[in-house]
Structure formats: structure tokens, C-alpha cells
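Common to both upcoming complexes is chain A, partnered first by chain B, then by chain C.
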Partner chain A sequence: MRIRMFLIIALFFLVLVLTLFLGPTVISPFAVDATSREILFSIRAPRVVVAALMGMALGASGAVLQGILRNPLADPYILGISSGASLSAALGILGGLTFMGEFTIPVLAFIGAIVTGSIVGIMGWKRGGLWPERLLLAGVGLSFLFSSLLMLIMSISSDEGIRKAILWIFGDLSMSEWSRVPYGLAFVLAGIILSGTKAKALNALILGDEFAHSLGFTPHRERFILFVAVGLLTAASVSLGGMIGFIGLLVPHIIRFFMGSDGRVLIPASALVGGVLLCVADVISRSVLPPMELPAGIITALIGSPYFLYLLRRKNVLGV
Partner chain B sequence: MKNILLCLTLIVTCSFSSFAHAGETPQRIISLAPNMTEILFALGLGNRIVGVTSFCDYPAEAKKKPKVGGMSNPSLEAVISLKPDVVVMTIDGNPREFEERLRSLGIKTYVFRASRLRELPKGARDLGKALGVQEEAETFAREFEAAVKRVEAGERVTGTHTLSARGRTLFIVWPEPLIAAGPGTVIDDALTLIGLDNIASDLRVSYPKYSIEEIIRRAPEVIIIGRGMDHKDIEKISAGLLKRLHSVPAVKNKRVFYVSDDLYRLGPRTVRGIEEISGLVVR
Partner chain C sequence: MSSASNHTILHLQGISFSYGEPAPFIRNISFSVREGEFIGLLGANGSGKSTILKLASGILKPASGELTLWGKPIHTYKNKDRAKLICYLPQTLDITVPFTVRELVSMGLYPYDIPPSMTAEEALEMVGLGEKADAHLSDLSGGERRRTFIAMTLVQGAGLLLLDEPLANLDIRYQIELIRLLRRLREERNISVVMALHDINIALQFEKVMLIKNGSILGEGDSEAVLTDAMLKESFDVDIEVRRSADGRAHITYENNF
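Up next, the complex of A and B:
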């Protein structure tokens, strides 16, 4: 297990460095001219870091959510947090809001995510605690509500505005800047560390509240803390670059195939592999049809899903 | 035998009546595209328009016309209830199925086929013929052709360009995420006409999401940012992008221009849009 974890960490840093030099034009690290240096440091580097942060947030929050909701189909988007963020970002885009300059849309998305997360939390709260089924249903309900509101707004606004909003919602890493990295880093690290310290509790929660209780955990409290961590992670990832599918849902499953479901391994490994996958997807999305860019969200699922299906056939899933 | 004769007469009279119909000037016109609304107004048919899309905002009177929905999703019921003599559509903006549906319901349609700069005069003349306003259409087409010639000639004669003969140009439709005007657009046609080299014209997509690092590599000498339909804050929205493009010649030499939405629609305002851009770069 140690060796595998070490390999994942090595892979993570290798991919970070590699994707820095790959792109529409491959930059050789041994012959860097002024233009290339600028592209490397002010365009690609922040983009690679943002992609890694987003992928980490999605991978980790997926792993945690599948545990606290006891549902293998849970992902960071099932709680409606991303729909709320998208709705609020789309309102900002379509309304032409610019009150915070270039930060307007990310901030709106973050606020939307936090507000939605709080609503889901309030709806899922009963008799002094959060209940998995209630959370899940409240999330799905809110998600439908916000998506339909989003569709409503889009269908009554101009074609031009719709295009912009759709591009943003389907994940856009092209506007990644250093100025966004500190905030992203703070929230993502906070979320991952918070969930990492609760990894043992997560292991117990998966086995059921009574079992967790008998092991000395307070299920509702642990679940609440983990839920806050997931909220932070999802909000940070959506505000960094919109919605990217697949990673939050399937990366934790891929990790379970190889490394089991111990949260202490699952959470960091899912985070790192999530980061790797999004960096690779992004480098593909910006390199295949230069000078055009494709949405990275399409590529993550396009390369991830076949691999996942292959594993599903090869490996012994869920002990079946 | 008698029945057959009756049928024949019916067929003949029906076909004649439809022929007769074709020559008449339609009195009730519905426009299903903003640029068509502008062209119809320019041809003096404004008072015959009985319905427009919700995007038809120019000229000001167009806003007061009854709405029949969007371009891609007009309401069939709204169109029918307005009892149009003809529904004017565009080949690239409206769904084909909608046009087929209207025809199957016996509603006359006219599909405007021009979508490029050079096609506009012929498109206008054909439209004029179909709607019985040949003279107005001829004037419209001539004025457009003359304006295009003026711009072309101005480019050759003045020689006051501070730019190289084919200045590399990027037209940004939306700064964040960055959408450029690519091939097949009126904007690309206009840039070519003025003698600018659109760095997004070698793509296959009309409005591509353009790679920022490729902009830095291709180093455009001019960047033109469209204000869009209703964005007064476009300077603020594009500030972040321009900061990242600080090393590009266009930004360094302060050759970043903001232009109106005149070029976004192929119609009477297109000329103004071309002149706006040519004025910026010739200066």
C-alpha cells in the first residue's frame, strides 16, 4: 500500500510538470524563449495548478460523499451544490454583473454553492443530526429545482448569453489565473485536511450509525463535519472552473478497485488521481485542435469512462 | 366523366389562384430573425410586419411589434394566429423543420439565403422580388455595394495605415471565456475586406473558444472587442484578459478597440460596422 501511495504521489507531480510543457505547442524545458517563458509562467502554470486543485477537490469530495451518504452513486453534484453555483453564476453572466471585476463570476458561484449547501444541510437536519437519506433527497430535489430555474432563465435570454453561460457551466479552465490560486488552495486544502482527519470516522459511518456509535464516534457530529468539508470542496471547485463531471463519481471507485476503501488512503488517493485526471484532460482539451479549445469536462469523461468500464469487467467489484 | 371534369377545373383554378397569389405584395409579414427585421424595415416594409422574434430590437419600432418567440424556438401557434401572408426566415438562424411545418400548414415562407457579406446584395434583391419591393431592394443593394467598394478603395488609396498591409487581427466576441470570430462569419468577411488578417480564420468553427497562449504566440497587432448587445461594462469584463495579454503587440501599442454590435447581423447596419472598424485601423 505504501508503494502504491508513493507511486500516486510521484505520478501526480510528474503529470503536473509534464502538462506544463505540453500544449498547443510543446515547449522544451531546455530552450525557453521570452514568449514561451511568458506562456509557461503566466498562462500554463496557473492553469495546471487550478486544474490540479479542482480535480483534487472533486476526487476527495466524491470519496467522502459516497461514504456519508452510503451511496456509490453519490458525487459532488448530487447535492445540488453545483446547480446552485451554476444558477448563480449564470445569473451573473446573463445579467452582465461586474461588481467585483474579474472575480465576480467565481465569487457568485462560490456564494451560490455555499447557500445551496446550507439549504441542503437544513433540509437534511432532523432530530439533532444530518440523515443520509434526507440529505440525498433534499440534494436531488434542490438540484432539479435549480436546474429547471437555470433552463428557464436560459430559454428566455438571448442566444449570445446562453452560449457564454453554457461554456462556463461546462467547465472552463482557460481563465485560470494566479490571483485565484490562493483562495482555491486555501479552501481545497482546508476541505481535504478536514476530511482526512475524519477518515476513521468515515470508515465507521459506512458501516452504519449504530456501528459507528459502538466504536465511540458521534455519527451526527462526524457527518456534519464531513458535510461541511464536502461543501467547501465542491464550492471551491465550481468557482474555480465550473462543472467537470466524472471525477467526483468514478475516481473514488477506481481507487477502491486498487487500494480498498479505507478512508485514510481513499481520500488522499482520490484527490491526487482526480488532480491527475483533470490535468491530463485539460492538456488534451487545449492541444488536440489548436488554436481552439474544447471543454475539459468532455475529455475527463471521454478518457475516464472507458477505463472505468474496463475495470468493471476485470476487477471484482463490490465483492460480487 | 362529369366528376373528372369537375376535378380538373378545381385543380386548374386552384393552381391559377396560387400563381396569382405569388405575384401579390404580401400585407402581413412575420420576421423570424433580427437581421431580417432590420432588412425589412430598411426596405420600407416596417408597417407590414405583424410579428417578430423576441431578439428583434432594432430599429426601435421593431420592439413594439408582437413577439412570436425566439429564433430557434418560435411558437407555431403565435405565428399562425397572426395570419401572415409570408413568414421570412434565414437559412442559418431558424430550424428547417419549422419552415417545413409552416409550408405543410399552407403558410407561405421565404428563406433568406445570404449569410456572408458578399451575398447580401443578391439576397436583398431576391427578397425584394419576392415581396414586391424591387426598387427599394435595388437601392439597398446598390448602396451596400458602393459602400463595400469605398472601403476596398480606401484601403488601397489612402495608404495611411500605420499597420503592415495585412495586420494580424483578433476579433473577440466575448472575453471570458474567450470566444473569437472565426471563418464564415460576417465579422471575418469584414476584416478580410478591410485588409486585416484574422488570426482565427484558419479554424473550422465560426465562433471558436480560442487558446490564450496561441494568441500570445500569434501576436495580433490589432484586437477588436465587440460590445455585444447590451454590455456597457465590456471594458471591465475584458480587463482581466487584456492584463494577461499584456505582451501582445496590440495591447502593448494600445491597439485594442471596442466596437458596437453593428457587425453581428447581416443587414442595413453591416456597412456602419465595416466603416467603424476601417476607421479605427486607418487612423
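Up next, the complex of A and C:
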């Protein structure tokens, strides 16, 4: 297990470095001139770091959510947090808001995510705790509501705004800049560390609240802390680059298949592999049709869906 | 098969509980579990067996009454300290994540900062699943799955097991296997067991039973004394006759006009 974890860490950093040099033009690390240095450090490096952070947030939050909701099909978007973020970001884009300069849209997305997460939390709360079924249903309901509101405002908006908003919703990393890295790093690390410290509780919660209690945990408290961690991770990822599908759903299943289901391994490994997948998807998205860029979310879904269907055919992947 | 000592592990005194309705679901029940004791909880569906086990384990908080564990109120224990003494296994063990047997059994270590003496492998050997440590739970038979969870409680080291219908959905062979295992564990580790049952014939083999009806204890004590025709009729509302064979073994027959 240690060796596999070490391999994943090595793979993560290898991919980080490789994706820096790959792209529409391949830059040789042995022949870096002034122009390519500019491309590397000002354009590609922040983009690679943002992609890695987003992928980490998605992978880790998917692993946690599938556990606290006791649902193998849960992903970071199922709770409607991202729909709320998208709605608020789209309102900002379409309304041409710039009150915080380049940070306006990420901040709006973050606020939308936190507000939606809180609404879901309040609706999922009953008799002194969060209940998985209530959370899930409240999230799905809110998700539909916000998605339809989003469609509504997009259907009555101007063309240019719509294109930008659509790009953002499908996951757009082309706006990545160094300025986004510090807060992204802070929230993603906080979310991963918070959920990592609760990994045992997560394992116990998967067995059910009665087991968790019997093993010495306070189920509602542990679930609340894990929910906050997921909220932070999802908010950070949506605000960094919109919605990227499939990583949060798929990566935890891959990790369970190769490394087992223990949260203490699952959470960090899902984070790292999530980062790897999104970095790779992003390289593909900016390389296949230059100078056009495809939204990375489309690439992850195109790679992810067939693999997910393949995994479904294998035994013991979804607990059945 | 009586090897109970005089040490009282758990004592419930005047416990009442309701799920929100004005009338209590569990009414003023009191009983004790002594070290090494096996108690069968018997009663019709909805009589309150599971609720009593959840109250006894501290999962549900009683509306009134007192629950003491080794002489101290249960709520004065830290969660992890309580988990080292008492373990509850729910009836349904449906797990949505493909844990392996070893991963699951190792969770018994969670209450501990310093691992106690028994490892997951040793516990699995004890329940006869040493070969299956790397299997997924979903690959096990119902009986093996139950034994896996028993192995988890062994690792957890709790002296008192509260088992909710552990024999449900098990073939007769696995039922016997599980009861034998629990008896052996009592001999070797002096565990106490309270288990909800639905099979009267099995309850008749217990040295101590509690008959539950409408959230109250209808009768408690030696199974021969409690499980009489009249008491069973009162509890299940069916004409049941307890017969004894020449060697003293008891079994039931009932009106079979289906």
C-alpha cells in the first residue's frame, strides 16, 4: 500500500511537470528561451496549478460525499452547491459585474456555493443533525431549481455573455492566473486536511450511524464537519474554474478498485489522482484543436464515462 | 450453560422512550446484564426489541430512567471509552462501499489510540475466516458476513455485545454456527450477549430470556419459566404449545390451519 501511495505521489508531480511543457506547442525543458519562459511561468504554470488544485478538490470531495451520503453515485455537484455557484457566477458574467476586478466572478461563485451549501445544510437538518437522505433530496431539488433559473436567464441574455457563461459552466481553465492560486490552495488544503482528519469517522459513517456510534463516534457531529469540508472543497473548485464533471464521481471508484476503501488512503489518493486527471484533461483540451480550447469538463466526461461504464462491469466496484 | 458472574455490566432502571408520539413506545423497563450472561429478547414484530437494544447501547436517549454501565451512568463515559466496553450490531448490514473483510474488522480498533492486543487477523482466525481477510464483504455468505462483524467486535474488545436479530436471514446451519461461536467466545473471553430473536425454538435454548410486548417486559428469567404456553399466547397472540422431548429439550408446535 505504501508503495502504491508513493507511486501516486510520484505520478502527481510527474504529470504536473509534464503538463507544463506540453500543449499546443511543446516546449523542450532543455531549450527554454525568453518567450517560452514567459509562456511557462505566466500562462502554463498557473493553469497547471489551478487544474491540479481543482482536480484535488473534486477527487477528495467526491470520496467524502459518497461516504457521508452513503451513495456510490454521489459527486460534488449532487448537492446543488455547484448549480448555486454557476447561477451566481452567470449572473455576474451576464450582468457585466466587475466590482472586484478579475476576482469578481470567482468570488461570486464562491459566495453562491457557500450560500447554497448552507441552504442544503439547513434543509438537511432535523432533530439535531444532518441526515443523508434529506441532504441528498434537498441538494437534488435545489440543483434543479438553480439549473432552471440559470437556463432562464441565459435564454433571455445577449450572445456574447451566453458564450462566456457556457464556457465557464463547462469548466474553463483559460482564465487561470497566479492570483487565484493562494486562495484556491488555502481552501483546497483546508478541505482536504479537515476531511483527512475525519477519515476514520467517514469509514464508520459508511457502515451507518448506529455502527459509527458503537465505534465511539458522534455521527451527526462527524457528518457535519465532513459536510463543511465538502462545502469548502466544492466552493473552491467551482470558483477556480467552473464545473468539471466526472472527476468527483469517477476517481474515488478507481482508487477503491486499486487501493481499497479505507478513507485514510482514499481521500488523499483521490485528491492526487483527481489532480492528475484534470491536468491531463486540460492538456488535451488545449492541444487537440489549437488555437481553440475545448472546455476541460467535456474531456473529463469523454474519458471518464467509458471507463466508468467499464468499471461497472467489474465486480466489487460499486459495492455490489 | 450458566457461567454468569455476579458482576453487573449494564443496568437499565425505569427506562421509558418514545419516537415522538405522546404515548411512550418503551414503558418503564428495568433489567440487568451480568458478566458472561446470554439473554434472548423475544417478542412480536414492533414490540420494541430493537429499540430496547438501541437504548441499552446509548444510541437512543431515554425520555426517563437511568442507564448505568459498570455502575456509572452511561453518559458520563467518553464515546471512545464506552465503545471499548459495549458494542451494538444492527440487524441490517448493508454496506454501499466495497470494504474488504480486513478493512472492516480493523475498524474495531478505532476507539483505541494504542492498539489493543488482538489484531484483525487473530480475530478472523477466531471466527474461522482467516482465509478470507482480503475478500470483499459482498463475496461472503450471510453467515460469513455476520462472523466478520463479530470479528470486528472482538477487535473492539467490548465485553458486552448487543446483537439485533443476528440470526435473521441465516440458514439453520449458520444460525447454529453463530450461536456456537458466541458460546465459545463466552468461554474464552467471558463476553456477555443480549440478542433480539424471532425464533422461539432458539429462545428456548437460552438460559435467560426476556419476553417483550408493547414496549414492556412481559416476563424475564429462566426460559423454561418464562416461555410457557400462556405467556407465548399473550405475547404473540397465537396458540403455541411448548413440548418437551424425553431428554428435556423444548420445542414449540402451533395451530397450523394456514
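The rule is short, and it goes like this: the second predicted complex is superposed on the first by the 312 of 320 C-alpha atoms of A that agree within 3 Å, B and C clash if a C-alpha of one lies under 4 Å from a C-alpha of the other, contacts with A are read in each partner's own complex, and residues count from 1 in each chain.
Just so we're on the same page, a contact is a pair of C-beta atoms (placed from the backbone, for glycine too) under 8 Å apart; a residue touches a chain by one contact, two chains touch by 3 or more.
Since the model is a prediction, treat every value here as computed from it, not as a measurement.
Residue contacts after overlaying the shared chain place A:172 against chain B, while chain C stays out of touching range.
Of the two partner chains, chain C is the only one touched by A:70; chain B is not.
Of the two partner chains placed by the overlay, only chain C lies in contact with A:261; chain B stays clear of it.
Once the two complexes are overlaid on the shared chain, A:38 sits against chain B while remaining clear of chain C.
Contacts of A:23 after superposition on the shared chain: chain B is touched, whereas chain C is not.
Of the two partner chains placed by the overlay, neither chain B nor chain C lies in contact with A:147. Applying the stated touch rule to the two superposed structures, the chain B and chain C interfaces on chain A have no residue in common. The part of chain C that touches chain A in the complex is made up of residues 54, 57-59, 78-84, 86-90, 95-100, 103-104, 107-108, 110-111, 136, 138-139, 156. Against chain A, the residues of chain B that register as touching in their complex are 54-55, 70-73, 174, 176-179, 199-200, 203, 205, 207-218, 228-233, 236-237, 239-241, 244, 247. Residues 23-25, 35, 38-39, 42-44, 96, 98, 101-102, 105, 155-156, 158-160, 163-164, 167-168, 172, 174-175, 177, 286, 290-295 of chain A are the ones touching chain B in the complex.
The part of chain A that touches chain C in the complex is made up of residues 66-67, 70-72, 200, 203-204, 206-211, 213-218, 256, 260-262, 315-320.
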